[in-house]
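Here come two complexes built around subunit A, the first alongside subunit B, the second alongside subunit C.
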Partner chain A sequence: MTSALTLAAARGPHIDWAGLSPFVSLAAGGVLVLLIGIFLGKSARNGTAILSLVSLAAFIGLSVWQFGENKSIVSDALAIDDLTLTLAFVLGATGIAAVLLSWRSKAAEVAGHPEYYALLLLSILGMLVLIATQNLVTLFVGFELLSIPLYVLCAAEFRREGSLESGLKYLIVGSVGSATLLYGLSLLYGATGSTDFSGIARAIADDGIRTDVLLLSGVGLTLVGLAFKASVAPFHQWTPDVYQGAPTPITAFMAVATKVAAFGVLLRLFDVALPGISNEWGPAVAALAAITIIVGNVGALAQTSLKRILAYSGVAQAGYLLAGVVVGTQLGAKATVFYLVIYAAMNIAAFSVVIARERASVHGDEISSFAGLGKSQPLLAWPLTVAFLGLAGIPATAGFIGKFYLIDALVSGGYAWLAIVLVVGSMISLGYYLKVIAAMWMGDPEPAAAAAAPVAAPGAPPIMAGGSQEADELVEEPQLELFAVAWLATAVIVVFGIVPQPLFELAGKAGESLVGIF
Partner chain B sequence: MTLSILIWLPLVVAVLGAILGAKVAPKLSLVGSLVTLGIAISFVVRFKSGEDGLQFVTDTSWISTLGISYKLGVDGLNVLLLLLAAFLFALVFVYANLREWERPGLFYFWLGVAQTAVLGAFVAQDLILFVAFFDLMLIPFYFLTGIWGNGTREERVRGTQKLVIYTLVGSLLMLVAAIATGVLTAEQHDTRLNFAISALQELPLSKGSQEWIFLCFAAAFLVKMPAFPLHGWLPDGYKAMPLPALGVFSGVLSKVAAYGFLRIVLPVFPDASVHFQELLLLIALGSILYGSVMAFSAQNVRLVVAFSSVAQMGFITLGIFALNEDGAQGALLQMVNHGLVTVPLFFIVGLLAARAGGSEEIKDLGGIAFRAPVLATLFLIVSLATLAMPGSANFAGEFLILLGVFNAKAAFAFFASIGVALAAVYMLRAFIKSMHNRVNPSVDSREISFSDLGVLLPSVVVILALALYPQFGLKKSEQTTKQTVAQVQAKTGQLTADKTSEEQR
Partner chain C sequence: MSTTTWGWLVLAFPLAGTILIGLGHKRLGRGPAGAIGTAAILLAFLSAVAALVSLQDHEREHRQLVSSLWDYAVTGSIDARLAILVDPLSVFMMLVITGVSTLIHLYSTSYMKSDRGNARYFAYLNFFVFSMLVLVLAANFFLLIVGWAFVGAASYLLISFWYRRETATKAGIKAFVINVVGDVGLVLGTFFILRHSGTLDFLGTFRAVEEGAFASHNGALVAGCLLLLVGAFAKSAQIPFHTWLPDAMEGPTPVSSLIHAATMVTAGVYLISRMHPLFEHAPAAADVGAIVGCVTLLVAGTIALVQTDIKRVIAYSTMSQIGYMIMGVSAGAYAAGMFHLLTHAFFKALLFMAAGSIIGAMAGAQSLDKMSGFKRSMPFTFGCFVVGGLALSGVPPFSGFFSKDEILAYVGARGDWYVVLYIAGYVGAFLTGIYTWRMIFRAFFNRPSPEAVELEHGHIAHAEFPTNPANGEREDTEVGFPGPEHVVAEREIPMKVAMGLLALGATILGALQIPFVSHVIESFLEPSFEDSTLYSSIHPSDGLVWFGMILGTVLALVGIAIAHFIWVRKPGTSAAIQARFKAVHTFLWHKWYFDELIDFLIVRPWSALGTFCRTWFETVIAEGLLIGGTTGVVKAGSQAVRTLQTGFLRYYAALLLLGGAGVVLYFLIQSS
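Then we have the complex of A and B:
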């Protein structure tokens, strides 16, 4: 006994540093940003942002390096396979976009740059844990690590009531979701006697407990917990309010990255741990997907704020993504991964335009702020147009191919009716996407007097920086990083809409790493 | 010289025009459309009629994972439609060049995108590629109507929203149906996923799957045409569209829908086509009668032409669903004819409005022929062609269609022939009320200008040429049409054989 212990101590557990390296890059990045930021003082704005970008770039680079290794690390708690790494790449890209969008934002200024960026990086770390997890305990750890920084970030502009409200609302609803999830996970453990995904799958296969009440309620509660995070209806009610109140760069980050993480873990949980009872959860998830598609699209019709429109459209898109989970096949997983990638691009493009307008117009993110944009600023109008056409699934954008792939998976998996719901949802969605596009191209630009910032009377002292945290100072200077992000994302949408084969291969590899299903 | 150059050239020109700016864009687009027309003519000249199968084939893999290929090809069905599309687009570009447009770079960009999408839909030989082009066609018209359309901003936006949502409802159902076709074919025949139309043709689906898929495709095509009772978007949409867009929309886009029936529906879903033959014939008949009656009572010249298109498209559908060679040949000929008359008709509507203080209402017109004999003559020629005067190519087309339907379902042919008579009524009414009668006080009768003549004359010359020699088109399409209807005819033959054997028992 003692000899065994000394032996273990002497040899130490084997640590796969290479596999852990993407995690390390994010964790170290977060800590460094926080520590170094303190000493940077006034130059923190640039310094911390650059440091975050470096950390995210390292994260992406290390993920690419590990691609194709397909191994489990930390005693099988985390899977470093192609699914994890593909989604990690999306997370990294989203993170970079979020940092660039935050660079000149008021939120980072108010909250303090080091804290802001550190929280952002740690939240991405939580997402990474979540998509890599194959153990119920790490699943919950990742879930909380994702959520807690986001609660804070939503309230980052803590002098603005809307932001505070958003953070508080997210905290309360998110805690309910966490509690439900935890309860579900414990029931799963109780029913199968294992916290390991493969152990759960084995227990389901061996013991013949397919219709066990404990197991099914565990699955149900877990699904509900994750549905809160992925804003799947009817657990989506927090989404529009939180999205509207949160600082817009954070909204963009939440809309994209949280969804990537939530669907990553849904895919792994249902397709690795629970494929044995797919006949039990399949119809329930399909019903959720159908409800989500309809609720999201109909809800968006009445909105006039772009952030709320994007929130509801995000709900609808969650329904489309869930459709790929429903079928429980590799094809479904591939389609979901494919759609996640382009979903990220479309939302990043849309949100960067919203941010640019928000900073330049007194109308904020209301549709009126976009009126006549096609005439006055075509360079901003085009990305939003392409993104919305993509979200609606028009050909020549990647959105078309993504919907195509999902419908293909649904029809092959015997859920043709859900495919019909999906296209009915797309039709409804045109109602609000076209409303915005019509405002941009067919409306008249707002009169110059209204567009200009409230001008200080001549001779009055210039408004001091930081003098008033409340007043949104409108900026006139061109914000190159916003244009760059918007156009890069637009290029992704169009290029993958015309040459989708590389993305198909990537999604194919990711789907094939779920070896338990076909 | 491959088909790819033909279909992508307009897009390349459009993008160049948009980049180079307002001064260059109009002229550049005009040159581009003329070059496109030249290429299209070269394809028609090199086309060998009477040969089986596709010619000038381009076939490379597009999305290999899903069995989607980038396959283009020309055969008897689309060779003339290709020429028609290139010709009408060239006319429209000429017409557009004579007018001033706000933000011209963007205007010509969208027109170019529209041309690429339409040409692509005509030559696509892969189901998904076709669907993609078909759906893409719509987007340019959304912008063209919304930005440069007629009426107040609200009217424009309402018209264009209606147009897009109506047509996309059909298109998206068609997308599901197209995917289902490929997936179910692969399942039922245990083959790899393949969306090439020629491959799907050889592996028919089970009857049950064919039927719902057929309905989705039919919905998409009938909305686009539009056919009664799926024409709800037509009055608002047509009123709001600017004339160049309206010309190609009515002249070419509606033909893509009719062409879709011949290219995809009849060969790939033969059982369902036979099963739903009478339903489609009823819809066609409804369109003919409803369109004629509406055209007769419409108070706006533009709507007279619009509803006459509904009636004409009804004739074309009727010919297609006669499900025999005569009907299909007649439908093809009539597609070309209708495209050729509808674009000049809409231009003439524009000229009339210009002489009546911008109004297109019939009550504001009258006596325009007084000082404009050339305009009146051209209008009369086009009108007579539209009402299928014996001697015109339209007469040959309608005759073939009625012949085909008479052989298939005689009762339908009887009622459809009423439509021929009604066409004379509404076209002559529009002509007389606008050109003759007393000169309306609001009308300023003046002769057609030389530049406008440059737009109208080519189309009238082509109408006359085709009237003299309709065989030009019919010969080219004969062989392919035979093959297209062969499969359905086998089914109808089979059906009658079954019935007789049942009766014998």
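Then we have the complex of A and C:
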């Protein structure tokens, strides 16, 4: 046995366990949660949650340890550089927030705690692979590893019709996206003869295939595939429905983490593998960004459900983020990373308040559930206010700096018109963000009885076999973990709004690890 | 203390006032809130005076002092610092803003005393002053944008201060939207300039411009300056971004006086003066500014001739006067423009306050049709109105005479096609005389109205029930509406003091800058404009100055005489003219149809798009498919799947395919 191991060490490939350690922490965490959960029985709720938190904390710790290493591991398939690790922090933080938000949720209860948290951890692993990838094959592996657990998690509350519908819809639309992506990746390989990002870049530079049909169709299809995941218009239609139907902690997780992963891989793919043909993809991506900004912001105006508002707002924010990719410069990459960090904080803050209200009010996530919140529960109203002001880009919040940075990148990169769209989009967005804020601080709470959920006539068959349509019991006592998450995220928004320098430096390091561009 | 420390103090006091009143608004009664607010602004004013004194101790060449509190965001391409620039121009603005604000706060303590939202009012008002001071003290574009946006927000809060009046909230939204358009212009203009100058700092940018950063990118500079102008036009209510200002009169009268006459609307004038090194290198943009200012002063002057709401008449007059300033500073008459800004702040604030006093006597009604004969019952208000009116129409020796004529003399001295602007300016001056005195004659002369009679007997008229002057709707006096009591300057000491001081200023401030006699402002501001080629090189000839002064006096007096003839001597004349030139009257009455034009060109297309999107996203996708799917068609169990199969997914798939096809098609076209 020992000799076999020695032999393997001598003959086998060199394995950089240090570089792999963040991946290992998540994979091991997922497996352990699943296995140990079986033996925990009744105490599974706390046990698995704590185990997941430990695993995520280890993940963050190991990422910090590896920061600044800048190396490639697993035969150059994965890059452990500052970009990967910066986004890994965001993923880890989002993961911790998601675990805390799920802790007392119905979804985890219904689906079974071990399975729920294991899937969550595996999905984060997929995201990590996706942002670290520099190889087309690992890209697809990461993409699927991210998606499949999420399909299941969306349907985690499988006794609730909306949740099931959401999962199914996400599965079907997501599969279309995956198929498109795979098609695009295979064309890219066909055109350049390499699955390696640097190999692709070399092939484009050497062979003069800038305008090759195969290459460009491949880029187009890959772009579409990734656009699905990032909810870039016109591939965003699933977003509001899935966000609304999915259990809200999962919605929060999807809204933030999926976007981090999708933009991580977009940055790396376009700025490492394809910077040579940026003149070809630039206008197309810019057009998508513009459409996304407009569609997202206009779409959000008419919504009354907070989750749908946040879904459309997420679409609009995806447009802003995509604008940072468009310019294809290090400045653009830095601005994108910067915005991703604060985007995560703003959404986590907003979603934790939505979850708190959902569990306490008969109005669920309708705006009416938030009316008068400023008076009745200022501790919940403040985080949502700050988050929305940040999303709208009001000065003194980090959202303002983020947009400032993006506009700077756009104008310096020669996309001033897109900057105009961005600013106009933010202007429109005030319409729906302020609507919610006004309802919270100026509105009066609606009487609960007036809008009780419509109850099916007695004796009528349930709409769905085995489904339970009775209203969830409401929780009265404050749930401290929700407050903690909301206020921590709010602190991030405010602190980086006032002292953005550290975040600038972090984003700067991340952007500079994309050495192929300027 | 150093000069910049005083500058920081000027900012600190109003901020402290805002926070104090804002946090304590529940505990503070009506009195303390007003006292704290007024004291905070008074302290800021005293600090500004101290800053002035200590600035004068510096050598002439070293009067541009920058102080940075901390590096806000400094990275490769952005250098945003929390820094203020104290130089003669910003000190001048500080003095005007804090000085006039102090008086208006004082006036407000009486005017708003019965309003239930009293504390909220003073918190907003202090916040406004703070934002405005941030705007003028900013040492870089970053802080300028912050101040610019805050000022817009404060204006919104104050216009819709009486938030249960629908007209007020609508006016607030309109002002906010147009102001945000201006913000967009300012932000984008900043980036156009930042791209080549490489710094956000004002002095650094100006140096870069001098050193030729834009030598080969003059187009970018012109574009940047034009975008800055969009910001300036929106804030200063210049055509075509002016429609919010008359509606903004929905706010309480002291707000109109402070924000929509004396300070915020002059931000555009300040911006152009501050950016003069850029505009002088982009003369095309400067010319656009001058022409728009000129058009605005004429258009607004004509509209003011026919409006009947007393506050709106003054509002159009404000637009028109700011047109003079914008025209002046765009043409290079910086000192004259700032001088007019100063005198205008005094006499226009005074006119608004006097109008507020009449409105109090009229129990809230604002229509000139109902007012008449207040001369005897309100002698003090009448006196203030006359002083303000004389200053506004430019009768010597009142302040407006000197400042307006200085702008026009400078514009005339530039020669060339600026002569057209020069002539138009005097046409405007003539209109000013007519519309100003039309207002005075109608409100104060002729047979006293019932309200005036009642006041003569010692009572202030109270309407049977309070109504909204804009649409006549009945309203209560609870929070979110004006309070139940009405006040007139005749009976309130604070109002009287504030108006008296302003009247004094409106009378004598012209002495600061009398041709051939004194040039206090010009020499004070010189350090800020030392790099300007226009500032020192162009001087109107003596003949032109004399000609202008005489022409200005004659036109103003003729205007007043005509107004006297039409509205006092032969009261029927006005109706006869109206009947004779019905089309013209209708045209002016509808304010040149600007609102309708904007509605047609911008609002309707967008709302159509909005409706379209709504039907699309909402009705078709969400309601049609989600809710429509459930209406009994689909049975239990397979409902989710079924919905997906019966259209939902088909719909998605079609859109996805279309989108995907579009993207791929693009790339196919790119390939060869």
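In this text, the second predicted complex is superposed on the first by the 483 of 518 C-alpha atoms of A that agree within 3 Å, B and C clash if a C-alpha of one lies under 4 Å from a C-alpha of the other, contacts with A are read in each partner's own complex, and residues count from 1 in each chain.
The rule is short, and it goes like this: contacts are C-beta pairs under 8 Å (C-beta built on N, C-alpha and C of every residue); 3 or more make two chains touch, one makes a residue touch a chain.
Bear in mind the structure is a predicted one, so any value in this text is a computation, not a measurement.
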item	value
Which of subunit B and subunit C A:141 touches, first, second, both or neither	neither
Contacts of A:57 with subunit B and subunit C, given as first, second, both or neither	neither
Residue contacts with subunit A in the superposition, subunit B compared against subunit C	C
Partner chain(s) touched by A:375 [first = subunit B, second = subunit C, both, neither]	first
Touched partner set for A:438, first subunit B, second subunit C, both or neither	first
Touched partner set for A:217, first subunit B, second subunit C, both or neither	second
Touching partner for A:419 - first (subunit B), second (subunit C), both, neither	both
Touched partner set for A:427, first subunit B, second subunit C, both or neither	both
Which superposed partner A:389 touches (first subunit B, second subunit C, both, neither)	first
First, second, both or neither for A:501, with subunit B first and subunit C second	both
Subunit B/subunit C common contact set on subunit A	394-396, 401, 404-405, 407-408, 411-412, 416, 419-420, 423, 427, 430, 442, 500-501, 504-505, 508
Contact footprint of subunit A on subunit B as seen in their complex	62-66, 103, 106, 128, 131-133, 135-136, 139, 142-143, 146-147, 153, 156-157, 160-161, 164-165, 168-169, 172-173, 175-176, 179-180, 183-184, 187
Contacting residues of subunit C [partner subunit A, same complex]	71-78, 80, 142, 145-146, 149-150, 163, 180-181, 184, 187-188, 191-192, 194-195, 609-610, 613-614, 617-618, 621-622, 626, 630, 636-637, 639-641, 643-644, 648-649, 651-653, 655-656, 658-660, 662-664, 666-668, 670-672
Residue ranges of subunit A in contact with subunit C within the complex	161, 164-165, 168-169, 172-173, 176, 180, 211-213, 215-217, 219-221, 223-224, 227, 233-235, 237-238, 240-241, 280-281, 283-284, 287-288, 295, 298-299, 301-302, 331, 334, 394-396, 401, 404-405, 407-408, 411-412, 416, 419-420, 423-424, 427, 430, 442, 461-465, 467, 498, 500-501, 504-505, 508
Residues of subunit A that touch subunit B when the two form their complex	374-375, 389, 393-396, 400-401, 403-405, 407-408, 411-412, 416, 419-420, 423, 426-427, 430-431, 434, 437-438, 441-444, 500-501, 504-505, 508
